[in-house]
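For reference, the structure I am asking about is given below.
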Amino acid sequence: MLSFASDYIEGAHPKILERLAETNFEIQPGYGDDAYCVSAREKLREACRCPDAEVYFLSGGTQTNRTVISAYLADVEGVVSPVTGHVNGHEGGAIESSGHKVLTLPMEDGTLDPAVLRTYLCDFYADAEGAVHMVQPGMVYVTHPTEYGTLYTLAQLEEIRSVCDEYGLPLFLDGARLGYGLASPGTDLTLPDIARLTDVFYVGGTKVGALLGEAVVFPHRAPKHFFTHMKQNGAVLAKGRVLGIQFDALFTDGLYLTIARHAVEQAEVIRKTLLEAGYRLHIDSPTNQVFVVLNGEQMRRLGERVVFTFWEKLDEDRFVIRLCTSWATRPEAVEELCGILRELAV
Amino acid sequence: MLSFASDYIEGAHPKILERLAETNFEIQPGYGDDAYCVSAREKLREACRCPDAEVYFLSGGTQTNRTVISAYLADVEGVVSPVTGHVNGHEGGAIESSGHKVLTLPMEDGTLDPAVLRTYLCDFYADAEGAVHMVQPGMVYVTHPTEYGTLYTLAQLEEIRSVCDEYGLPLFLDGARLGYGLASPGTDLTLPDIARLTDVFYVGGTKVGALLGEAVVFPHRAPKHFFTHMKQNGAVLAKGRVLGIQFDALFTDGLYLTIARHAVEQAEVIRKTLLEAGYRLHIDSPTNQVFVVLNGEQMRRLGERVVFTFWEKLDEDRFVIRLCTSWATRPEAVEELCGILRELAV
Amino acid sequence: MLSFASDYIEGAHPKILERLAETNFEIQPGYGDDAYCVSAREKLREACRCPDAEVYFLSGGTQTNRTVISAYLADVEGVVSPVTGHVNGHEGGAIESSGHKVLTLPMEDGTLDPAVLRTYLCDFYADAEGAVHMVQPGMVYVTHPTEYGTLYTLAQLEEIRSVCDEYGLPLFLDGARLGYGLASPGTDLTLPDIARLTDVFYVGGTKVGALLGEAVVFPHRAPKHFFTHMKQNGAVLAKGRVLGIQFDALFTDGLYLTIARHAVEQAEVIRKTLLEAGYRLHIDSPTNQVFVVLNGEQMRRLGERVVFTFWEKLDEDRFVIRLCTSWATRPEAVEELCGILRELAV
Amino acid sequence: MLSFASDYIEGAHPKILERLAETNFEIQPGYGDDAYCVSAREKLREACRCPDAEVYFLSGGTQTNRTVISAYLADVEGVVSPVTGHVNGHEGGAIESSGHKVLTLPMEDGTLDPAVLRTYLCDFYADAEGAVHMVQPGMVYVTHPTEYGTLYTLAQLEEIRSVCDEYGLPLFLDGARLGYGLASPGTDLTLPDIARLTDVFYVGGTKVGALLGEAVVFPHRAPKHFFTHMKQNGAVLAKGRVLGIQFDALFTDGLYLTIARHAVEQAEVIRKTLLEAGYRLHIDSPTNQVFVVLNGEQMRRLGERVVFTFWEKLDEDRFVIRLCTSWATRPEAVEELCGILRELAV
């Protein structure tokens, strides 16, 4: 059966497996001090145009969000996030478990409007007497692409940065699917822009061709004792090379962007087919995720031949589903899917 | 340069890399629901003779200890551990970070004497009035092999179990290096024994041939919501197959014990050489770790040709170092090391 | 200047100070084992018609909410609360600091609609696959009177209990201002009803005539090790008598309800005056809190002669303020206030 | 029956009750902004000779230790304490519950030897590679008087300060019984000395004549958001005046030292009697606590007429008990006790 369930349903890009095999018998120090972590860090610094960036490798998204956010926040501080932010709903309470509230703001298609952020902060500090009884805003968190597959523009991220500067708040960009954002044809936001505008962000590996791994980049400087903080959160691998080798491969000869672009192109084919066949896209995502509205009969019949993700129910007979491509999505599979979608459109 | 620094300085056993490559393009569900996790669970149940065991795969030792221990303990409970227990000193405060005290007991060569445990618990509950102001013992934690490479006997573990039963405490065995204990020639403690005598234990992969991974086994039943607890602790991999495939390979055709036995045999060669050459072993470990006493000159000269781990200073001119073998240690390297050790012994 | 700022701006009811003085030189054991705590517990059990209830005395509302909620919840569980619940916004993140998420539901005038609760729980468990990645509902929290001074009816609380039973969730009622709810003329919810319908609730002392103190009542049974849990949270007073003596006095000869009734009657006078003078009440609270809509000029002029609490801005020239009475509010002060309000109404 | 069980078994000094009554009907703002907190802060600043000190009032010792320590420590930091420190054993795991390890050092009669502290810190930082896997020392904690009723000398505290400066660590002095230390005839350590040498300390009220309350003094500056941190820890009283009035009374006309001196003098009488009668003092405490060695028969017979605290068993027939005086101890009661002790000495 065809599957467009997610971007983590295959293994790793073959180049990564190849490099793991080639280096397997080399003796290397543990805990991220190996030659491959060193090399991958250097390549990431170059890609970000940030020669002084500190780079750490962690295993997965929730682990990274938990570890980074709690490293920045004082006990009384919370992280400001759009209500749809991954940290708010889908991480089993990882942020609260580390002692911090997620301070949620309303969003538009998954993105945080800088004006909404500014109003919230302005109101919070205006009521000085009340504020001391409340959780203090301590960091701003955004995802790019967002949980809805939408993207920030350069202007929007600059404006969010500007609000953060006004209120002295660090800005964290969760890039679990960053590659697909950078590879989107319409985007004007580059990796060096992100490095310039945030205090910390991560380059997602797990969902962009690695077996596992997220590269956390601190363009200026990591919080004190960050390695120990990772250790405490169970986020240090003894064989740190496993992550170093993968990111070294992904950032050699532009592999990361190449495979992300492939996935986005396949998603574009699906979107084009859907629009031509008269479907309605629920959200206009320019990345590797496609959100389309189906009726119950269409959803049932599609489910017999394709694995997808149920997203939400709009009303009695309209449902949103998500179709997701990856570095490994074969064009023939996309063609087959498109045929089925055309058939069900009638 | 030769290195006997640790058992995590090479990659993975080639069979594991082979299986990762063979299965790479298969589409599998995420989060541990893939066919390989399912298969590996079944093989672990068989190896433990525990058909009803629940098995979960995590990434590393500190992560596993933190996640398992906090899943068992109520807020006011702590984990009882010998003072040398890995959770007490070398995990960056992971247990305390999850809200719990490590209640330390004196040890003998890294092992917890059941009599010491019983006396502690007996005294604690005898002072009912004082006890309510103190952290309540909520779990007993032992490592096997211990941090000193020593082993519990079957009789000792049975006795510890018996004390735990008297006081209604769950018993957790940290098996980060479990293979090397099971493969030790002198041991009378088997995997089924451990499954019979503990409430939870883990089979270490990272230090016994895997790229990463620890298999947590609950012989009876996992704590409620354990998967969500893993998620909250950042211990769930989206591509759970990465761990499933590795444990499936390690528990196919006895690979896990075969490679552990190889490492222990190489360590035996080193120990024999040391004793014959007149060195003193600091601790009599029957596993893949060798602890030997050197004088300053010997240590300095050895350090020019071999990477090892400094363990502790005994007095002005006597030092303990650790030499560690692994599944990947080549007999020729051991032979070379032994030659150097003989040379320095003079 | 007149002050109707809150119900904690005076000291304690004179009867309490009298009892503190009378018992001052008696030697009593510490930590809540004194004769007055014992006696107060017995009186509370009688008032609740719960002969087997366990009763503990804590110092304040946030401390009580934090201690009670975290004693019930497993690490992966959160507390379900209307979005206006005191634990959600005004306790400095005390719940999150103890590791738990506040799972917020929409409310109506501060109360939680049982139907909204049922729908939330039903939807949560319907998506079994998604649920394991999310915080598990572990307790339901309501306040009575609510933060808006409104009250649950007996039927509503019975229905909430019924939903809790369907989903196996404990129900916690925060009674920081409980007296004013019980003394409200229109209420059909009694103290024995509350004891029958909740798993735990507290009888607020600080805001109802005590210097400090909240009496936590577990009608059936407290969570294991609750005293140690209090200790860990810094919620045990060495001189526990300070709380025992106060609750013993408050629950002797019906003092608690008598002084609450006085406060509610004074608030009724204010409400009547406001309505007669043509003001609009923002929320129809039948307790000791009065929420009235003023224009900017009225608010400014009132502020010159009376201390009140600014509540919220409705639009450009309409503001809600709160006037609050207490056990100590003098009828002459209310009369003076009413005169001013009539004057400003013109 | 006579009781020398502790210094918290009576109520408050009558002057405190008097002031509570006199001020009872005054309207005052909540949360520590009342006129009495303001006045008490000023008097404490004067007593400490620290015109810029920040002063906060909390309810009890465990609450204060938990709140202060966690306000200073980053997630990966622990608090260094002598193994007998109150935070280590008798606070129900309050420090660990807030996420931090208590890093214990050996002690001598309850005091921390500055040389032991220096050696620990020196060794910790010497092993840079190992240190990053361990809890980082983040604060030094001492009690004065110690849990054994012993005192630091000025020279010792200066030396501890000096070690703290070398390693950039804040120093926290727990003064739950501070008055009895300051009032000890032999001490050369004054309140201004303590304010000069620590980063934060507290002046214990609960055990020195108040109903409840500890005054936390930050001679230089409190950690950012300390009030919100108190709130989060449930350590803010709505009627903050309750603490302000008490400390205002205690620091008017030297009442705090006067009542502490009384208690110490009564303890001196007991110590003198014991020595003259041939008893052995277990620890030579110059404060309000007396630690004496009894045989089993003596202990049993004393227990028939006097309440005391069992401290520890030395061997088969020798036991240490503690006798404790307070501001309220009557000389006649001491005389009676001394008679009994003389009688049992035969």
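We call the chains A, B, C and D, going by the order they appear; numbering starts again at 1 in every chain.
Following the convention adopted for this analysis, a residue touches a chain if its C-beta (ideal position, glycine included) is under 8 Å from a C-beta of that chain, and two chains touch if they have at least 3 such contacts.
These figures come from a predicted structure and were not determined experimentally.
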Quiz prompt | Selected interface, C-D versus A-D, where C-beta contact pairs are more numerous | solution = C-D
Practice problem: Could you find the chain whose CA centre sits the greatest distance from that of chain D? | Solution: A
Practice problem: Calculate how many whole Å lie between the centre of chain A and the centre of chain C, each centre taken as the average of the chain's C-alpha atoms. | Solution: 42
Quiz item: Which integer distance in Å separates the CA centroid of chain A from that of chain D?
Solution: 50
Quiz item: Roughly how many whole angstrom separate the Cα centroids of chain C and chain D?
Solution: 34
Self-check item: Residues of chain C touching at least two other chains
Solution: 75-76, 91-93, 97-99, 132-135, 228-229, 231-232
Self-check item: Interface residues, chain A side, partner chain B - complex
Solution: 3, 5-6, 8-12, 14, 17, 20-21, 23-30, 59-64, 66-67, 91-94, 97-98, 206-207, 211-212, 228-229, 231-239, 241-242, 328
Exercise. Mind listing the chain C positions that touch chain B in their complex?
Key: 70-71, 74-77, 98-99, 132-136, 224-225, 227-229, 231-232
Practice problem: Spell out the residues on chain A that touch chain C in their complex, using ranges where they run on. | Solution: 75-76, 78, 89-93, 96-102, 130, 132-135
